[in-house]
Every structure is written in C-alpha cells, then in structure tokens.
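After this come two complexes, each holding chain A, first together with chain B and then together with chain C.
Let's turn to the complex of A and B:
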C-alpha cells in the first residue's frame, strides 16, 4: 500500500509541475514578475503585502492572490481596501496552494494592467515547500517571535527560497532570539540567501525589500 | 482521478482511527493521561512542556513524544535534560503525526512508570487537526504575536480542541492583539472551550494549567 501511495503522489506532483510551467509562461508573456510568499501562521504575510503595495503604488500595480483554508476574506478585503485587485482561494481545509488553483486565480485578475503578482500561500512551514506554483521567486517571511531555531526544524522550506524576509524586528528587545544562530542555520541550508530584516510596525527595512522587487520588474518604463 | 484519490485518503484515515483507538486502550490500561499538543511553529510548545515538567515533578512523571519534520533533536534533548524520558519522531518532511507513529513511540517509553504522556505534534495549524492519535485531550497553543484572527483563518483545528493555551501573554503590550475579537472567534467554533492565558517568560497562568493536568490524572495517589 505504501508503494501505491507514493506512485499516486508522484503523478499529482508531475501534473502540478506541468501546470506551474504553464502559469510561468503566461506570467512571462504578460510581463509580470510574480512571487510566492510562504510563512508560518501569523508571521505577517498580509502586513508585508500591504506595506509593499504602499511602497510601490501608484507607479507599480500589484495583484494579490490570497490562499486561505477557510472561506474568510479578511486578508483579501484588506488588499482590496488598499486599492489593488485581489482574488481569494479557499482551499477547503487543504494545507497548501497548488498550480491548478493559481491557474484559476490568474483567470480572475486583469493581467494586462499588472506589474507584479504576489501570492500569499496558506500559513504553513511544511507543505507549501513541495508545490511549485510557477512564480519567479519563492519568498519566506520568518518572524522574531517564532524563534531562532526554525531553519533547523523546517529545513525543506528554507532550501527552496530565493528571498527571506525576517519580520517583527521591533520585538527583538523583548525576545530571546539569537540572530547569529538563526543566520547560521539559514546559511547551512541556502548559502548566500538574500535576507531583508524588516518591521511592519516601524517601517524598518521595507524600502530595501521594495527596491529588490522594483529591480525585478519585467516591464521597464 | 479525484474520486480515486478521496477513496485512498479515506482508507488511510480509517486505518489511522483504528490504530488511534488501540493507542488509547493501551494508555488507559497503563493508567496514563495523554495529550496531543498542536501549534503553529514557534508558538512555544517546547517551552510550555518544559514548564509543565517543572511544575509537576518530582511527584508526577511525564514522558514526551517529540514530532519533528527533520532529524533534529533540539526539543527532545531539552526534555531529556529536564529529567524526563523523550522519544523523537522524525516524520521525514511529513506535516503531521499519525497514530502509527505514536504506536511505535509508545513502545520506546517506560509506560509502567509514567503518569502523563505529552505529544508535541509538528508545528502546523492545518494538517494535524485531521489525525486522531488516540490521546485523551487535544490541546492547542496559540500565541499573542500570531495575531487575533487565527481562529477565523484556521477554524478546523479550533473545532477539535479540548483545551486552548494562549501563550506569550507578556508580549501583549507590544502587539496589536484584540483579546475580545480572538475570544469571539474561539467561542463561535468551540463554545465554552477551557482556555489558559500563560507566559513561559513570567510564569503567568502556568500553575492553573498544571492544576488542570493534575485533575485529569488516572493513577490517583
């Protein structure tokens, strides 16, 4: 039975990878730079996205795809209120987004008028790592209160990253977080990983992150 | 293909439930009270467990089963250092513990000399909710920095709880956390849920939690 199960999972992954490649081709054709934001629940995905919108608008237009396990539109409503188009995916309890869900969501966004698409994955440090969505960069938001040992405990998600955002830097004085130990864990799994320490409360580091995004725009000028 | 997949998953869940029932019968026969601690990564599962050991020892003996997605023994080492037997389960990247893993772990613990077994599940607010381990109580550790909207976004895990621990109360002054909004979300999903606000930093609330555990001991006197 174990072998049977592995075979089925492999087939699903292959189908996902094919759809992910189609998503990427579609985003490339539309001149859109896209990122897949992953994080533990409550690390600050939506806060970073709202601050990113604020830093880039009105010149750069962002679309957001919000992944949630339940039919709540809390995050999508915030993005819409910030003036950008958002699509909500309710996974119905599933623990990650997949490429088929993103394909459907792209159909609901005005691709011709967007420069960047940000996908907010389901809050989960384990499952999303295995599913390619067809985006150009995988971004993890870690946060100070989660603790400095997370790279050691959740290595798979760190291995596949293009960018790491370390959020809630404002809480550093109140928490026993060893920055060197954290960095050492990250470096071991993903040498030279681009890292932005930020705080959505104080604004620290957010312009450096916005500059990184700007430098990856596909439609210049 | 969808139907095929659902059938396979249902069979696995049924097998899990049968093993869970066997685990519970075995724990009952040994006079052990057991809990399944679930949480988002970094909510403070290990800190709560270490404080619980401190509050209950030497009169009450705890065994701990540590679930990790990687072969790191950071948490198991801390429990062993605190003087209690610990078994580590490495899920090999899997996102939750299941009853078969617990069955194996129970074989490695000195059941005859334990009063309580605490299982620390993989840090994940989605997947563990669906897997009965055969324990007597499901406990969630939420934490202040995760935000007040988590019950609304991860309802499934809240629905199956027997106890909620709200950790990191010491960070409340530094974080925009609306306690009423949080409580309202919990009450909607799980009316009357027993809740312990605690801080592993200041010690607040931990004795009330330890008293709850003591009141559920199966071997009295």
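Let's turn to the complex of A and C:
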C-alpha cells in the first residue's frame, strides 16, 4: 500500500456553476433576459413581481419561477392569475434554489414565447448568494422595516448583486432607518450598485425599475 | 447555510479524483475556505460523517484552511484584515475598498491510499 497526495484545486460548487452556465446559454439562445430575485422573507418579492408584470403587460411576456421551501402554490397562483405562466419549485426544505432546479423549471416554460423570466428565490439572505442560477442579473429586494444594518450582516449577497430594490419606502417616516449608514454598507460591498427605491403600496419608483428591465430586453432570434 | 449540499459536492469531487488516481481509500481532505464564506466547519464535519459512510472516503479527515478576510482601500492603498464586522478603511475612513482574500471556496487536495504500484517493467498504464 502507498499513500499519495493528489492535487485537486476544484471549486466546491463547480458542478452547480457548470449547470448555471448551461442555463444561461439556453436563455441566451431563446432571447430571454432573466433575473434572480433574492430577499429575506416578507421583503416584498411577490409584490414587486406582480407590480412588474402589471407594468410590462401586455407588450412584454414574462414567465416566473417561484421557489419555496414548502409545497405551496400561493405565489405561483398569484402570477397565473395575473395572466403569466408560472412554475412552482418546492425545494423540500432546502434554503436556496440551485442551477439544477432551474434547468428543470425551464423545461416547463414556453421559452419561445417569453421575453423575460423572473426567478423568485427562497426568502433568505445567506444561502441563495452562493448558488449561481445562470440568470443575467442578480437582484436583491431589501425593505425599510428590515433595518439599515443588513449590508453589514449579509455582505455576500450584496457583493454579487447587479441591482438593488429598496422596497416599502412609504414606511421611511415611521422607522429608524439611517439611509446614509445603509448606503455606506452597500457602497463598500458593491460600489455604484444600481438602486431603485420603490413602494409597492404607493407605486413610487416602480416605473424606473420597469424601464430598466425594458432596456435589457434581448432580441428574439 | 446549506452545509449538506456543500458537503455532498465535496464528497462528489473527492470521490471522482480518488477514483481517477486509483485510490482504495481517502484518508484526508484539504479544503480552503475564506472567512467571508458563511460556512460552519463543524456542520460540514457532521454531514460528512453521515454521507461518506460506505464510500471510499469513509473516515477521511477534513482539514479546513481558513484564509483571512483582507481588504485594500482604493483611496489610500492601506491593507487591513477584518476582525469582525465589515468596516470602512481604518486609516482614512473611505468606503471605497476591495476584497483581496477571504472568498476562497475550493477543495485543494486529497490524500489517498493506493494498492502497491505495479512494477515498473510491466507494460500498461503507469
């Protein structure tokens, strides 16, 4: 018997990253712009998605992939009621979506007739940050009641973002939320991050977010 | 976070490389994990003991090389190590900083046991 050291140097989530790259190639080929929406539970992911659908209908066709840890269809039902196709993923208790789940979900959507796919990740600020899904943009929805210290407590999720949506702006007068402190945390982690302050209650800021999405539409091949 | 899924990935990578190298047993696994990744070592070890059972990795010891989180200030070039919470440059106060190390998350190497090497003069794979 002999012993030997074998050099590996392989990223631990390499298998996921490869599947994510395949997902992205497939979305590119279908002319679809896709986003991965992450947030803590209750930040307003579904509300933002429903308002986004409303703002973009009927010219732009969206599909939604809903991730939840339990076998519920509450969110998917709302999207379907709004007139757009939705796929519900039950992660079976897992804290995040991964690229393999998205690969399966894409099989269930009419890709040829969609312009945008929105993925609603599991409500969690830690785990989704580590798992690339192959989308074109990572979007975080933070909300005023969560507090201004979240960038400091969950740095990894902020570092990987392309867009930040700050929701529930209508609550700012009632909550001790230090906007400068919040912004400084974001700036340290992700300088110049595109940020949309919005309120799903008053409608503030939602059209700017919808315009950003429109400006990223791909040409259907 | 998601330590079970991470541990499953570690096992898959270790097994694949061990099989390619003709191992009969994996004795040690060396992981490099930066301080900025939210992984709990004990939790990985806990899952490892469960899922490595009855594989050629059973009983392998996990070694965690925890690289520190070091940052550089883009304004004054000062370099510093994070002890706790994320903070602006301690020298000049600028929030314009970049991460130098601390985001590593890979399997560096494995130590394996092999059957005796076949004698050199024999033809075949070496």
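Here is the rule we use: the second predicted complex is superposed on the first by the 207 of 221 C-alpha atoms of A that agree within 3 Å, B and C clash if a C-alpha of one lies under 4 Å from a C-alpha of the other, contacts with A are read in each partner's own complex, and residues count from 1 in each chain.
Just so we're on the same page, a contact is a pair of C-beta atoms (placed from the backbone, for glycine too) under 8 Å apart; a residue touches a chain by one contact, two chains touch by 3 or more.
Treat the numbers as computed from the prediction; the structure is a model and nothing was measured.
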item	value
First, second, both or neither for A:14, with chain B first and chain C second	second
Contacts of A:98 with chain B and chain C, given as first, second, both or neither	second
First (chain B), second (chain C), both or neither touched by A:174	first
First, second, both or neither for A:217, with chain B first and chain C second	neither
Which superposed partner A:143 touches (first chain B, second chain C, both, neither)	first
Touching partner for A:189 - first (chain B), second (chain C), both, neither	second
Which superposed partner A:122 touches (first chain B, second chain C, both, neither)	first
Partner chain(s) touched by A:68 [first = chain B, second = chain C, both, neither]	first
Partner chain(s) touched by A:156 [first = chain B, second = chain C, both, neither]	both
Doubly contacted chain A residues - partners chain C and chain B	4-5, 8, 12, 94-95, 126-127, 130, 152, 155-156
Chain A - residues contacting chain C, complex	1-16, 94-96, 98, 126-127, 130-131, 151-152, 155-156, 159, 184-185, 187-189, 191
Footprint of chain A on chain C - complex, ascending	1-2, 5-6, 9-10, 12-14, 17-18, 21, 23-24, 27, 31, 36-38, 85-86, 88, 95-97, 99, 105-117
Contact footprint of chain A on chain B as seen in their complex	4-5, 8, 12, 40-42, 68-70, 72, 74, 93-95, 122-127, 130, 143, 145-147, 149-150, 152-156, 168, 170-171, 174-175
